[in-house]
């Protein structure tokens, strides 16, 4: 991983410093780029909220070979991790590798290691097109995310997304605040319940709503037909001053327990972080920036190495907290 | 705005560093100048109190074109923002532009963008004289603030202020602690209820009391006849160790709900900050230092650009928190 | 004051940096010297505890000429401040002025400005001898503090202290932990109630116990006959990890309200700090390091200038918090 | 001690910076080395948790010659301190002195000063072999700690450990997460209650379980036959994000009060820290890194000097908190 990271640091110069701890301090306000919007508080709060959680170490038990696998929305994952949808290599990551190489490496690395990757959307079109193409390349083993466009553009993209052979489609509804897109004549907007039902109903694949930060909207997403939600503040890139996702996750996961799959992203870097999120009620997590760094810095091999590292860390953390299965993590794993 | 700020940084050298985040750290104790008094704690607490507030992001709704306008004390504002009364370009801001250019640019920029600016007072007389002149120049579309002088000086100034054609007059009562003025034989003093009633009664315009930091004094201001109050610690320039205004605002606005207009200043920099203050109960906010920087750095054009930026930020924040109207912001917008 | 401080910075080189804010950070562990013991936490906690207190600004009242004077243990003080007992110019402050000049300047400056100074004790004997001599020089207008020596040394010193003409004598009982003195064959020790009664009973002057940090020992000091106590952790110089005195003062002053005079030292630098301590229940405060800096840097004149500054700051703080008299400060002056 | 530390700084270059305060900041992630695992949070939390505790100073009492000695598991200790088991001079401490010199110096220094040292275990075998040899060298006055190996290796080592003549044997059960050992074909694993009973039953010596971080596992250790426990997160070297031991100690010691000896390690540097841990319910403490530094930097003499320093600090802290005996420290010693 060290080599992958050094390589990424070189290739992403001016866009990402590949810091020892990826915490949003070095890239405040860098949107486009890899940073958080404005003061970067939402990005930083994600990391701080995870840091604030402490683990109860326990070693009087028999779980020395814990089971890290989970089943989320019908997909078996070797570890409870998905690569989050991030695109725009050119303006966010320095553009030293192509969008297609970037996203294909990510999806292939994920598939090879028994997990699954998501693809992003945006302007220009080659972002989602590269994503769709990569998903076809791995026989549909990817999850395309579409932004909340206005009607026509949205339905066309959802239709094309389904043609990739994917079983799940997502929408990062929190992209609704991107005024830049509106100025380019490509409006993204919030969706009311009626619209959301219509959208989800128009798609055969199972649907994920990404960008949930309150229990009330989590329940609304289920009412609208979503089979999964992602607790997310969009990596701190749309609204400044959001709480960290680890602050809101527990209340949200409790509010919708058993009614849909709950995923979460935001500041997750290590297997330790994964375990903390599971303890707060997530079924699986999404990881963004670290996968981008791994893909830019080492292509498919980098992605695989990062997944290996996550699995080793998660396994060790499970052993040392007495956790038998990733599919059931007791809240007692957390200190207080 | 970047150019405006760079320009201001050059012109205000030695008085204001135009820091990336204007938080009172670089100018501790610089009074005169742009800093906070003593340890600068009151200035810094303003910024910290706002930073500590977090927003609930919500995007399942239909408010993609929120209404940012409000009506405060009979004045329609396109965004709920007033330019706060700050004068003394020469000893506070470096003196590279004239007091008159400074304040005229501010009032004109505000009027052009559908909001309103306030003018300051002090020693020497050209501070309030420039202010009065600028208000006449915009046909009375400004709010003159008078310091709490002793009787004769006070009434003379209030009388002249009325002659500008303004509809509202304010007094920054917290200037009462400025010992420097007393030493110059120009005493400013606290005002007891009897005096305050007399003062407010002597003026035909609606009256604003600025410098309220407790619920009890908010109620007293109303009893004395004020139609508006400004929750303010004078930008941290009169008493060290005050709480941030965002710490005390909620309790104050609740205490006087519906009985007067509640404004607040202190550390507000962005549209995000504006929304937070509205959620705590403010009808509108006053912004000080950033308007000074905009005016010194870009004259009327700089002021207008800053207002545009505030509106864009506020709009995006309203969309992403599901806020339909700036005239009614739910406390639920704040996390916890 | 600026010149006095610059001068002190020069003369105290290697012993005190005369920092912008005197907070114990630059002199961690410097005992001898001016720092706090060990990690310096007790010194730093004094400053932090005061910083954490916030003031309620109030300006709707009639107190524009507040009365700063108090009467403590029969002594009228123009401001509620005493110069704390600190000696050892040679090994603590760089030795560029003589012990006698140092302590005489302090006592004379205090007397000239209507307050009173205390003198210290220690090894070698010229510390207390200089102090006694200085007190005689100001016709008994000083308070000698004696360390808690074992019997013979203690009674001899108390006897000599009385001969200075002073009306009050103090003992900094918390010096009991100074192992260095014990190693020099000059043991200082804690005192049990029986001994303490004996000691206080042996002296005609009123007695102050300095070094109280808990309500129980405050009550014990009164039971033993003390007329005054000083809440103090000895400037952080005897026991690491003590709370700041402003943390414990309120509970202590409430426990002994009306039964003895309550003084406090620790981190007090400005008139703002003085007001905070009065609000927590102190009748007056002691200030240590700043008086040493003033005396070394400007002799009697430096001491007087510092007292003037304290009075101006305190007056302004009283005006802006609506405080009429320093002899009665309402807890409502503090925010929350 | 200063010379010992300077010497250690030279010899441990690249492995330990011998910082002014040993807090885990300069060695984040340095495992092997002297740092904490991952983000170093568990190491840092140990130090922070101790720093957060404050002491009530009390000097109205008669305890000027406190008794620092305790009796733990049948062993008389002149101060309530044991040298913790740390081995691996070559890869953790720079290898400038031999494993045998290192551990022998530690045990001899401890014995000479009336306390006792522990020995470590690991790969390669010369770590535990040096430890066993050193224990024999001090006629069994040492406590060997064995890692939680799988059956055969474990029982062989326990058997050899008993042959050293020691009266107590320990197991650092929290070493169970060391994946590196598993990869070397030398698996260490958690132990279920059945296994733990078997292990403890197989040994004639009294048994200590080290690595307890929760009340439930403390009770389980007693049920399994342990006569002592060590509250420990392994110096932050096995699981990131653990709370500091001083955070969990009180609840644990209360849960098992009177049923076994309670020891604790983690961030303890000074006699002040020792007193804090005793106040939270520990019968004695273990100190790790500082003993390693003392031994590498000054061999037996360095170890003895460090113990002298601890005793002087502890004595002074006991005098100044009114603590008569280290074997009974009142929780009232802690502020709040």
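Letters A, B, C and D mark the chains as written, and numbering starts fresh at 1 in each.
Criterion: a contact is a pair of C-beta atoms (placed from the backbone, for glycine too) under 8 Å apart; a residue touches a chain by one contact, two chains touch by 3 or more.
It should be emphasised that the depicted structure is a prediction, and the values quoted were computed from it without experimental measurement.
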Inset, instruction - Provide the labels of all chains in contact with chain C and in contact with chain D. - result: none
Legend entry - Self-contact between copies chain B and chain C, residue sets same or different by half: different
Legend entry - Rotation in the CA alignment of chain A with chain D, degrees, nearest 5: 90
Inset, instruction - Could you put a whole-Å number on the gap between the CA centroids of chain B and chain C? - result: 41
Inset, instruction - Express in whole angstrom the distance between the two chain centres, defined as the mean CA positions of chain B and chain D. - result: 59
Inset, instruction - Enumerate the residues of chain B that touch no fewer than two other chains. - result: none
Legend entry - Complete list of chain pairs which touch one another: A-B, A-D, B-C, C-D
Legend entry - chain A - residues contacting chain D, complex: 20-21, 51, 53-64, 270, 272, 276, 312-313, 315-317, 319-322, 335-336
Legend entry - chain C - residues contacting chain D, complex: 38-39, 41, 45, 148, 173-174, 176-177, 179, 187, 189-193, 195-196, 211, 213-214, 216-217, 220-221, 224, 233, 238-243, 247-248
